[in-house]
Amino acid sequence: MAKLVPRPELTFWERIYFVEIFKGLATTFGHARRTLTNPAASITLMYPEVQPDIPRDYRARHRLMKRPDASPRCVACYMCSTACPARCINIVAEESPDHHIEKRPAKFEIDLLLCVFCGFCVEACPCDAIRMDTKQAILAGDNRADFVVDKAKLMDWDPKDYPDTDVQSQKAPGGKLHAQALEEFKSGTYH
Amino acid sequence: MLPELNAILGPIYFWLFAGLATLCGGALLLCRHPIQGAVALIGVMLSLSGLYALLHSPFLAVLQILVYAGAIMMLLVFVIMVLNQGLDDRIPRFDAYSLIGLALPVLLAALVLNTIGDSRSGIVEHAGTVRAGLETVAARMFDTAGGGWWLLFEFGGLILLAAIVAAVMLAKRSLDTVADDDQPHHEHAGHAERAAAVAAIPDAATVGRSTETFVKPPVAGTH
Amino acid sequence: MSHLDPIHVQLLAAVLFALGLAVTLTRRNIFFLLMGVELMLNAVNLSFIGFARTVPGDASLTGHLSPLFIIAIAAAEACVGLAMVICIVRNRDSLDSDAYADMKE
Amino acid sequence: MEFNDIVLMAIKLGLVLIPFMLVPLLILMERRGAAFIQDRPGPNRAAIPIFGLRLRGFGLVHNLTDGIKLFFKESFVPPFAYKPFYLIAPAIPVMTAVLTPSLIPWFAPISYAAANGVVTVAPSFFDANAGILALFALGSLSVYGVVLGSWASNSKFALLGGLRASAMMISYEVSMGLGALGLFLVVGSFSLTSIVEWQANHVWGIVVQPIGFLLFLVSMFAECNRNPFDVAEGESELVAGFHTEYSSVKFALFMMGEYCHIVVASALIATLFLGGYHLPWLDTVAIKTHLGGVLAGVLAVTALLFLAIAHLVHGRRKQYATLAASDRAARSKEYGFFRALFVLAGLACLGGAVASWLLVKPQALDLWHEGAKVYPLRWSLLTAALQIGIVLAKTLFFCWLFVWVRWTLPRMRYDQIMSLGWKVLLNIALVNLLVTAVIAKAVQS
């Protein structure tokens, strides 16, 4: 049963309607005057010059996480492409040279034109290999092919763009924790 | 300069407007769709308004546009637009009786033209005519001292009032069907209750929100 | 001012009246019937105003006043006529004047 | 007919084009006004690159680009449209918009000494006795643009929009006429010139007929299809209403007709109820006798306006300097240019004010015409120009009111509009008319 919202009882002056019109006019004129005299009051972002501040947990373009030796963390398990409702992830697996790891992606493509940015792939990934925290929310391209991002492009990110608290990113090549992580990696204690 | 110009332009304007009026009248006779006819008739009205202005009757010229073109024809066009959804294509323009019907006006026109031609000398312009401006007409119409037309004016008003009432009575489906959706249903009018109330009104579903908007009912069920 | 021959005005009025009559008598669509009547009324108006120029002084005003009442009556006629058309179209679902011939039977 | 007469006639013919000239300003007002009311900066991107500056002209360049786009777009006619009416329809509102300003008195009658005595020039192009009736008649014709356009488009949305619009416009014409009728009853004339003269001699119409003024104003909003009565377009319900099927130049004509209608309606409200070219304590005689002072005052006010704009531009420039803008230099240069322009214009106006205060001392001729001294033609023309300015100022205020109300009030539902028109406004108008008639009769006798 829908909730019944009682209509507010109008007073006599509200019924006359004209007084309320003038109140509304005063409000809008106040806004107009404020924006005219003080341009800083305008809430518009001067877009191309000023970029919007996108939070880190905004679901933006994907990236593939990297191991300390710059190989992708992805093990080509197809969990993400199975979870994907838009079926925009195309993975081709191949055998991994590392005997600890069974498979690795030979091809990892995401068609951003199909992607609905739901984040299910990130949820589904068992080894934190795919993330959507690149802050690249505004995607532009000249043709459809530009929107199909491949493995190289997905892995082309800089640890310096990510906060120190993001340990996983800092362990990738170039990150603050990379040297230490590489040692662990070589000694086999890395996980 | 202006009077001389007027002497030349006056007849030109007259023939212009006369030609336009005749042309539009012919178009009214021949055109297929009522809206085309209405536009042709508006053309007649506008050119007649020009003629009235030429014939020293500026007030009637304005009134012709205001009342005829602006109100009556507007109403006609409006009703045509509401009613004629695909109805007009089924009606032939003329039928066999039309030819007989055409004979009468032709006869009449011939008769009138003949009569006017005969009494040509009787109809000449009189020098002492009055220019019927707004003030002149109003002064004559409401001359209560005698010779005024104010009583007739009142009767005209009464007839218009009666016409309004008659039109409302005729066009309303039935006088009870007042679909008052503009009243706030703020008490306890739940959806079911309201639907029952609407269903109680005969034909409310076909009439829609308001009966005054002349919504055409579906064919089935109305006969 | 210009010198218009009142005869020409009367001729035009006669032509328009004949046209209006022809429309009313020949056309089958009910709207055309109404419009034909309007055209005839207009022709009469024109005739009145044309004749107003042939009589002297105060009497000529009569020619200018009569059309006022004709216009008022025409407005009333259009109003009631259109309401009747709406009423009948609702019942008959037709704009053909033949569909309105019930009174015959 | 002398040379002067022909020149004056040409000037009056030029005044007929005022609504057209105000259309770009009105569109700018609409866009920037809407933006400022909604805390946005408004359109500010289109620019003309010239001499290393990117001149944006406060958004006026957007109008220019819009115009260029609309006029050079393919003039498309839908295959299902009824072509003759489809093509004629957009011309009808524009036609009425051209004809109606010729009835509005833009200045007081000018009288000047000619070779054959004192000549008086009527203030409007047509000074008909039934002036306001002619205006209403032409206004009622503009409905046909909507009706024919919507019918000829042969589309459901257009037809519904046209039906709603025409029904609304017919309905509100009644209360518009009745609202203004009280004023005519008081004044005793339908001639716009004598209405303004009456207001100059007595009080403004808004004082005599406040209810009539409100009725007329509300009805004018409906006649112009402006926002509380915006059902003709009804973007949220009807795509775009009666001009759904229109594009390119024909759409532009509809839009232009609409804005011209707003200007004419504003001028009409100003003329009927706000004294037209008359200001309190500043009637024609007062302006003529103190022409230098009045001119100086007007120029001083204009100068203040320019300086205020320069100040605003300066504020924008300062604000923009704090932003991380990629083309900050270009913006700064542009704002600097405009600031300099407006400062210069303001200073010029101040100089003009001082000069006119000192130099403009018109001498009346030794001629009397209708109880007033006759001045040489040039001073009469200057007075007329000032009065045109007064009318335009009032007109622009009402134009702004149209924009202001549009972005304040929500659109009304169609049945609410109809019941407001027929059940509220009409009744108020009738009672107002009756009361006015009784009072007018009592005062008269």
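Letters A, B, C and D mark the chains in the order given here, with residues in each chain numbered from 1 onward.
One rule holds for everything that comes next: a residue touches a chain if its C-beta (ideal position, glycine included) is under 8 Å from a C-beta of that chain, and two chains touch if they have at least 3 such contacts.
Worth saying up front: this structure is predicted, and the values here are computed from it rather than measured.
*Asks:* What chain pair shows the greatest number of contacts?
*Replies:* Ranked by contacting C-beta pairs, first place goes to B-C.
*Asks:* Would you kindly say which chain has the C-alpha centre located farthest from the C-alpha centre of chain D?
*Replies:* Farthest chain from chain D, going by C-alpha centroids: A.
*Asks:* Between chain B and chain D, what's the gap in Å when you average each chain's C-alpha atoms?
*Replies:* The answer is 32 Å.
*Asks:* If you average the CA atoms of chain B and of chain C, how far apart do the two points sit, in angstrom?
*Replies:* For chain B versus chain C, the centre distance works out to 9 Å.
*Asks:* Hey, how far is the Cα centre of chain A from the one of chain D, in Å?
*Replies:* Measuring from centre to centre gives 51 Å for this pair.
*Asks:* Averaging over Cα atoms per chain, report the distance between chain C and chain D in Å.
*Replies:* Result: the chain centres lie 39 Å from each other.
*Asks:* Where on chain B is chain D touching in the complex?
*Replies:* Touching chain D from chain B are residues 1-2, 35, 39, 42, 58-59, 62-63, 65-66, 69-71, 74-75, 77-78, 81-82, 133-135, 181-182, 209-210, 212-213.
*Asks:* Please output the residues of chain D touching chain B within their complex, sorted ascending.
*Replies:* 1, 85, 128-130, 133-134, 136-138, 140-141, 143-144, 147-148, 150-151, 159, 162-163, 166-167, 170, 173, 190, 413, 415-416, 418-419
*Asks:* Contact residues on chain D for chain A in the complex?
*Replies:* The touching residues are 33, 35-41, 214, 312, 315-316, 319, 323-327, 404-405, 407-409.
*Asks:* Can you list the residues on chain C that touch chain B in the complex?
*Replies:* My answer: residues 1-12, 14-23, 25-29, 31-32, 34-36, 38-39, 42, 45-46, 49-58, 60-61, 64-65, 67-69, 71-80, 82-87, 89-91, 93-96.
*Asks:* Which bits of chain B are touching chain C when the two form their complex?
*Replies:* That would be residues 3, 6-7, 9-11, 13-14, 18, 21-22, 25-26, 28-29, 34, 37-38, 41, 44-45, 48, 51-52, 54-57, 59-60, 63-64, 67-68, 71-73, 75-76, 79-80, 82-84, 87-88, 90-95, 98-99, 101-102, 104-106, 108-109, 112-113, 116, 120, 123-130, 132, 136-137, 140-141, 147, 149, 152-153, 156-157, 159-160, 162-164, 166-171, 173, 214, 216-217, 219, 222-223 of chain B.
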